[in-house]
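Heads up, the next two complexes both have chain A, just with different partners, chain B and then chain C.
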Partner chain A sequence: MKTALQEKTLHINWGKCAGRGLCTELLEEKLSADEWGYPYSPEGTNVRIPAELEKAARQAASDCPLRALKLI
Partner chain B sequence: MTNEVFWAIARSTGVMSLLLLTASVALGVATRSARPLPFIPRFAVMQIHRSVSLLSLVFVLVHVGSLLFDRYSGLNLLDFFVPFMSSSDALTNGLGTLALDLLLALAITGILRARISERLFHLVHWGAYACWPLALAHGLGSGSDSGESWFLALCIGCIGVVALALVARLRSRFMDYSHKRTREVRS
Partner chain C sequence: MTLRLDLSTPQVFAAGYHADLAAHRATFGDFPQVPADTLLAQVQASCLDGRGGAGFSTYTKLAGTETGRKTTVIANAAEGEYLSFKDRMLLEHAPHLVLDGLLLASALVGSSRPVLYARQESMAGVAALARARGVELIQAPGTYISGEASAAARTYLQGISKPMDRTTRLNRAEPGTKNVFRAERGPILVHNVETLAQLALIARYGSDWFARKGTRLFTVHTRTGAGALVLELPHGSSTREILLKAGFTGFEIAAAPAVLTGGFSGTWVKGETLNTPLGALPGGEGSEQAIAAGTGIIYPLLQKEDPLTVAASFLNYLAAENAGQCGPCVNGLPALADAFTAATLGIPGAAAEVARLGRGVSGRGMCKHPDATARFALHTLETFTPANRPSRPPRVLQNS
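Take a look at the complex of A and B:
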């Protein structure tokens, strides 16, 4: 099924995330560091990624040292 | 005459390799700390670590490649991969060979990272802590620059950089946010 404008979702795997903070720098439009340095989004674990941020989200996912991010 | 060119290339790329490997270890430790460096954000520390590491591999490959053409080194292709077999300086050349084997393993698992298990990547990556001292010992023991004071000064500088990184690594507050995270566990 084609979603509207083919919007992607960035999934945060909390079992893997160690709060190394690269994603909050690479995707600061969507993620910020919480009090303990872990990525925070008001959207929670599945963050909607608009088309203009897809490239940044893809890099955040591929550069995550724990491979805790998946762009789907 | 041409032989001296290959020897000169081998020496200079060897020294450059040690400097780049030193930078790679220090940047790798910095990456693990999850802290930004002055003027360098976290993601860039990781990317520089990756680039410097790959560059060190290039220099090491030119280093061993030039020795293959150096008639006096007496090294053959097998000596670059199987340690302690060379006809001259078997021990110190063997240390370099071990360092190269480890570096290749580190590079291959690094490049294939997305396709291999995270566990295997991290296991092999611990080998970096063995690769650097082997490369240093090889530099101090082999070749014609090992006794030179400028080379010794360079080695002492490299040891200082890695020692500082190790001291930082072993501190309990090594990681960013570690203060908050451990306090949270205790309360």
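Take a look at the complex of A and C:
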């Protein structure tokens, strides 16, 4: 069973993000597009990823054309 | 713009104007030889708050720094807030005390890389001193954002004075990745030059002395041809005390619609709050009632000035001074500044739009610039509602 300690975080590198929006499609449970296309979460820059979303978060991070996401 | 240094209650400036090494030694003695754990305990007991604007606990930042050869310590004199002059005054008149503080902090964290990050106008005055004391000198551009801690660090690492992305605190190493192009970043400890000067005093005289005699630097704008005045006053001073010391009369203080304290992400002070202490108090007690001192900027409004109009021009400045890196900030801050201007003109719905945009930009960037800007906009609207606004809004000419 995953514990909170093992819970991953998705970190958005705003310097690289260009608002392409793939992450808002691949991880729609956590990220939506703001009015300018940038990924919005109430958690801001570091989005907590529960175990069931880890696979989707990993795909979002690897598919980002700007490599602006890091799963840590 | 003239600058005056008031030495009536000196501590940091006790060695006088343009203190050279001889004057510095004559006033403060030799470089203090204090064991690291003793100094750390003194800093903790003194509750010294950071003087770069955030007021963060100096002890917490020092104690949380990863120690060792790879650690860099940067004295931040970028002074990006254009209303502040205290850091430049420190480099001009008390550079050796600042360098003492920098070298003491470096020793505490085991660093052999002390760096001074200073503006071009300070460079000529400190270049030789810094070199003589083994301190590397790097230049800060005059932008607002260059004073941000990670911008200071990034100037040292890459020569770019803009905030940088990080997944760990600056004072802890950023882990490397398997990608060979991503190098590990070592721990970088950034302290404002005033914080370091105060630390150099605490190292000599101790935390009890600091509780009784410690000071804070303020930049007071006289709003006359006399320009700005840098004052060193006992910590716990109120806005009223600071203004009186700067030469304002009680009548002038009462006539000001409000005083902006701390800087652009500061607090509007008026009425009763003129008597509230600014900044963390010695020993930390009673600090909940204190108003944040920020960078010590004191900017009183003139009698006929409209606070919302003044705030709108500050917000336009803050919006324009974004680093141009982060989408939400680059887009959101100008929109927020425009919405605020609309609120200034009394356009319905504009205040709600300011709040909405504020929520949208906060926490979404590589630094806290959008958060602080949004907070200032909302604080201004809350302080000066249509009901208690000192003057009528300018009329909006309507197209017929």
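Points to keep in mind about this one:
In this text, the second predicted complex is superposed on the first by the 68 of 72 C-alpha atoms of A that agree within 3 Å, B and C clash if a C-alpha of one lies under 4 Å from a C-alpha of the other, contacts with A are read in each partner's own complex, and residues count from 1 in each chain.
Throughout what follows, a residue touches a chain if its C-beta (ideal position, glycine included) is under 8 Å from a C-beta of that chain, and two chains touch if they have at least 3 such contacts.
No experiment lies behind these values; they were computed from the predicted model shown.
In the model built by aligning both structures on chain A, chain B fits alongside chain C without clashing. Legend: residue contacts after superposition of the two complexes on their common chain; A:His11 is shown touching chain C, with no touch to chain B.
Computed from Cα centres after superposition, the angle at chain A between chain B and chain C reads 120 degrees (steps of 10).
In the superposition on chain A, contact of A:Asp63 is made with chain B only, not with chain C. In the superposed model, A:Tyr40 makes contact with chain C only, not with chain B.
Number of chain A residues touched is higher for C, counting chain B against chain C. With both structures placed on the common chain, the touch criterion links A:Ile72 to chain C but leaves chain B unconnected.
Of the two partner chains placed around the shared chain by superposition, chain B is the only one that A:Gly21 touches, whereas chain C remains out of contact. Of all Cα pairs spanning chain B and chain C in the superposition, the closest are 5 Å apart.
Within chain A, the residues touched by chain B in the first complex and by chain C in the second are 16, 18-19, 35-37.
Contact residues of chain C toward chain A in the complex are 164-165, 167, 325-329, 331-332, 360, 362-366. Of all residues in chain A, those touching chain B in their complex are 16, 18-22, 25-26, 35-37, 62-63, 65-67.
Across the complex, chain C is touched by residues 11-19, 34-38, 40, 43-46, 70, 72 of chain A.
Taken together, the chain B residues at the contact with chain A in this complex read 31, 34, 41-43, 46-47, 114, 118, 176-177, 180-181, 184.
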